[in-house]
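Mind looking over this structure? Questions follow.
Labels for the chains are A, B, C, D, E and F, by order of writing; each one numbers its residues from 1.
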């Protein structure tokens, strides 16, 4: 049964090492996209995946499709528009954070409508549909496409997950996230997002404003998540990744998972020498979907997702190129980084 | 006295060596633009130059401005819009030509109007204004900007040159080149372009359709150029670069220059191991403007332009990073490529 | 209908630029293999392809499979043995030829037997099977595998092609090519090879020893090919690529195609600035199989194959990453290498 | 009003990554120089700057001038001598410190005299002159040039700053720093240096030899700085950067600033994953001069300088390529290194 | 007097930076081998060294010999077999350990016998012979070669050292380490290895199974080492490197040295930003042999070895390219990583 | 018996590909030096070689020594002075020649005197001594060292060869080549140089000024060489390399060799795609010395030298990294550049 992602494919252009953009004349290109990253994660862990998207009919678009195939993600990608979506990435260090500069105007995905895809074919033998808050943020038409797709997926009986992924800079077409996202979330079974995502995307805030950050994070989150569960009776589970940023190189990383009954938390990882943290959130979503499909308990699914995304921080690029065996070894406690030979 | 260029600044992203685009994950970025390339050529030969343009207010736009400064071109560049103009370049070889893939939708230059610049300040101490057919090709507003600028330049008494530079793929906003370019050419003193440019940009064709290509090229051109001179009484000189493409690596290169009286031709160069031919035409225009400003005769100006642009084919990137001394040495006949030590 | 190739997958490690091996510490890896190269060519031209092979169950083997998928070649690749097949490549120049140093001992393909594959599944919806003389050269078991596969393919009604590809250095397991290849060739419909291949692989030599090389090449070949047709009544067509090596950078390139009636020859290309000639022969075989599947006449098929493989010489690496449109443009005569923009 | 720096321009050649020099055949060149670095810092923060120096009349010297222009530093650089100043840099790690190997014999700056510059022109519209102890260390003539320049700058009413920058290995021409520097320091308003610099450059030592390092650093420094203030009545402020080197990758970084009344200290930064610490001191001086020019209080100036130089440790190369906004964000406390998107 | 090492030479192919193998198409080659690494360490510290081995007679084998010469190790390397020994290395980070993938089947060293070397010539002017447990692990014939060599070395009066270096994955030819190693260890004077090495190579285990790890490590080791001393009366000293792996980037590093009387321990180093830890154990062995030859006391020898191998962690590649002066500076306590200029 | 070279060792820093110097921030370092290049050539062809020189006692000097050892050249290199000799190289193309920018002021070799070497030890088991006109060009002291060495070599009975290698830009210490070189040439057996070298270094010109270049080159040379033979009775043979530079990429290459009786000429090579021509002359000298030592006739020696240096043009860097087998294959006529596999 297939895991399906739908969204924008972009070409990420990275400055090498820790250089500022164009400090020296070199850019390292790699295809990315929140939902593509999730599909690739699921593929790495042995699941069958499809990706729905659009690219221009040129050398870049064709290369994007080759990349999906390389990673065993079946492309349902149509040619549309004239522009490949782009972003430029600087890797930070210490007190200087990484930067992502988007160039996503007039991109291919804005030129497709639901009728451009054969949904029956897409959803055949499929069990899971994943989307993120990035697609509805790009344009009115992509928001409509996203809404159409989640409805269609529910109709077909798939589990639907949405990673809220709120990116303020992307909401430029005249609507706010909280005007658009609730209609999509109404069709979701699994929601992924943190407090800020929930506030901006769904307009739900914590009453409990004095809650001290950190120590009672779980209790704090419980309150907000309960509100979400109240408003969205369709939602079965909500997952939250918990990142503490000590510096650009050093983060603490954990996660929690709530259902209508309880909140469970994952082991916390101290990641002191981050290689690349872009794509970290996507690797959590991909790990979680994989976890739900590969393990029997929520506890295992959450630990798998957290360990998988912990390892992502050691891999350059947006794709979480680690194996099921590497993740489960870390879940079992082997995080000492010894040489394998 | 300043030479001024106005146009679009773009970031050219090249695949390394002779690779196809994204064959391996590396792109070599360098700023370019037909008029920028002309300005840099003039700067290399010791002339004072300014460049009028627009970039987005981000790391890429700022890097573009730094590049102009590095090459001693004074930037009159405003922040506008959100997108840096881009192109992707594959270097061909043998029977496979190089390709240039443009990504110039919604770029900064489309978001400026004449009032965004202080023209009095720009044209102060200036003697020459250069534009190309690329700017009017991009959008209605850039076409208007171009027309405004050539008129203003004439008003201020500058010599105006225009390189027709017809690029079919760029004329996408609903007008054809020949609907737009004549109004601009009416204000020009010096025109640069070949037969195809003249036909598409000005709608002027040769009657003499049977003319055998090659042998009587000069006579053939004379007839067409005379038509241009007839229709545009303002034009004083027309220059044509003559490229024979034997393969992607091997071109023959010469040029001719006509005034209302006669047509002169330059020495012909056999360029057998082209390093980079993108920017070759711009280097001819830059060499010609420099030649008119640095030499007393049209013959010298033309030979200088031809030698300068011949050398461009040995330099990677779009900028003609050769010196006045190197060009004049070639003009004098030293093209043996001996080691200088 | 699928085109199927079977053979060894190897990791080719190239010294950069024109360096000698390990002159500086950098090697550029890329997957290759005569039959894989053929499959990728067919895929580039829009045909459906499968590849049958074996790799070790490690990071290299998995990367090889990803590469096949990237190029839209369906992998029927099993894990076997412990070693990835390797070769090291130095790119020559001028009078110094390129070198290929093989390291193909104890490789994965030697550890598979026919029973490791599901042949019914492999040959389902397939129309063409391609093999080369490299597979039988590697070991007794790979020779047996090759023989089994061609028999099976014939049984299933596929067209079988074999590129003789004689490589003296590879025949190390105690048998000579001419002891092994005839049994395989007995099951082939299309044979690819030159005079030397035919002599070493099939033991067939020209009587006509004084024939002057070059001028009457076609007549000369006709005589030998007639002998092959006599001995192997199964063979319907024989194709010969004709390379004249003037220097490591400069080759002339053409081909001929014979059936039992006539010999036709392709246009000849002068390739003066070779980017990479390794994989040139495979690109001819891939172009020919594609040509037979995409065109109606032998003439077109041969011209397509010759133009495709001409273009391969302008692409770095072993894979012929050119498009159907690029090849047909060259077939139609556009080999001037002009910039496409 | 311009900030002016004067000094040696050098080409720094770095081994890549953490390699030892020439471990692999690659060197990464970048122009540098204590005073150039200061000028570039000031330019980055929006101040107008000029640089006075000398280079050889060759490709390297011209490239150095282009680099200054790129960074918006107006070059008052004359051609003199035959050698570009050089240094070779190895980046250390852990317990192994970085190394800088100088090659500054017979360099261009040694071949200029005050009469080679038009000082009236240089100091027009200028408010600040900066020099370091490196220039007087190079040769008798550069020491004389430095003394001439500070006198001239005072004469013209500029604020003069000097970063003592004591480098034992550079003082090779027969004089010790303390024989030369006092005459220069007599004309300075702002002095930058640490205890060791003050001891070697000015011959002033602390009586208070038992002072425990670290805890009462400020009190300890106060005593020495008071001595400096006593001997040099011209000095108005003294700034000291406080670096604690835990390893090559991990430093603590703070600073203090004294006037004749009080000593203030900056926030302390823990920099655990240093990207490049060469140029760190210069970025402090550049930040301080900028701070004095952009803020109203010494407190703000010092915090700006410390934050700016903290960020330098995350940027490869000698130039502090960070923006005013990035520095002030860190001053306000945002040092968590979160991704900016 | 020469230090002699004997063993396998391999070409290590590293993925760049922290990439997964073949993530991007680049591999960084460097010659390595446990005993070669030891010889190079000794050479770096000023000792005379020879290396006994075998390579194929091709470009790779010749390059390996050039590398030995470059590092002042005299090669006694014969041409044999057809395959260069290989390994592929991925550099880990954080919780993800580095990986080493061996490709050592049918390698040159398996094709030599003792009679291929002139042992009298090899052992002339030699004082020390070093071998590791890797050579006997490769094949029956290399185990026999190793045994022959240690016997011969003892016969000639050399000190013999053996680094047990147990690598489970290498013992594939049908024998276990503990069936082979004891016969070799019977001829050794100095043994290097940790508890796991001793258990697997010699079959000796600690009774004292409850010993808490860490705190009483020395006492714990004393017990095991005493058993080794009992069984092997020839052994005079046993050295153990003590690595605590906190993450792939962060290790603690120390060592102990036992003779029949006492156990001494070295200073412990905290290495937080490991550049390359592959070759760390070899650098300890090389440092120890050098220490015994360059210092008068075991304490100094051990501290030298520990400091030398600590510094190795800051150098990319397998060779410990640090100097005697750098090591002794660290021994004396200078591990602050300050810039040297 | 050893071939000995003496001279300056320099670090050549090349811009990558065909870039202008510092066009992008990368320099490729490699050690070089006319006489080192000769020694490495001889080593490649199996001869024993030593090199006499001087380097600074730093990381660069030590790396230079490692490079000699790597190439099997025994270093008699002392530490002296403070500066490594440097040059910067741009690779030309087409009409633009390559450039070499020297930075050889105050280099190590200027700080040695004959007494710094043990000449008895150096000349033990030596049969040939080679020097070039570069060493005497650098300074008065290097000229004296060169003269001392050639005298000593003659005294010891060695064959002495000198490659005149006139470089106008290097003669800066107040003497002209023709004031210095004759004294050295008086001790030479074999002279290498062309007409221009002979004129500038020895002051000998052709009377026969109207000789048409090209066709009667041999006759023309005969006349001049006879004059040299007349004035220098010690000289037994004179070799001249004949380069015709058609472009930076395309040279014709041949040579002639005269003794007092006759002049013989070598086969001429057309080299159309030069990879690197710097070091071409040195490779001829190295090939010639090797030829005299490895072959019985002057004809073979000359053909070997010409073929060896022809191949050098296909190898990047200054060292002629080709084998005896490759050279003799070309001598025998195999210059078709076919792939070797």
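In this text, contacts are C-beta pairs under 8 Å (C-beta built on N, C-alpha and C of every residue); 3 or more make two chains touch, one makes a residue touch a chain.
From a predicted model like this one, the values you see are computed outputs, not experimental measurements.
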item: Contacts common to chain D and chain E (chain labels); value: A, B, C, F
item: Distance-maximising chain from chain F - centres being C-alpha averages; value: A
item: Contact-richer chain pair (by C-beta pairs counted) among A-F and B-F; value: B-F
item: Chain whose mean Cα position lies farthest from chain C; value: D
item: Centre-of-Cα separation between chain E and chain A, whole angstrom; value: 45
item: Of all residues in chain F, the ones touching two or more other chains; value: 20, 24-25, 28, 99, 101, 272-273
item: Graph class of chain-chain contacts, one of line, ring, star, complete, other; value: complete
item: Residue ranges of chain A touching chain B (in the complex, touch as defined); value: 13, 20-22, 25-30, 58-60, 63, 82-84, 86, 88, 90, 99, 101, 103, 105-106
item: Chain E contact footprint on chain B (complex, rising order); value: 24-25
item: Chain D-facing residues of chain E, complex; value: 28, 269, 271-275, 310-311, 313-317, 321-322, 326, 330, 335-341
item: In the complex, chain E residues that touch chain A; value: 17-20, 23-24, 92-102, 167, 169, 245-250, 272-273, 277-278
item: Chain B to chain D touching residues, read off their complex; value: 66-67, 69-72
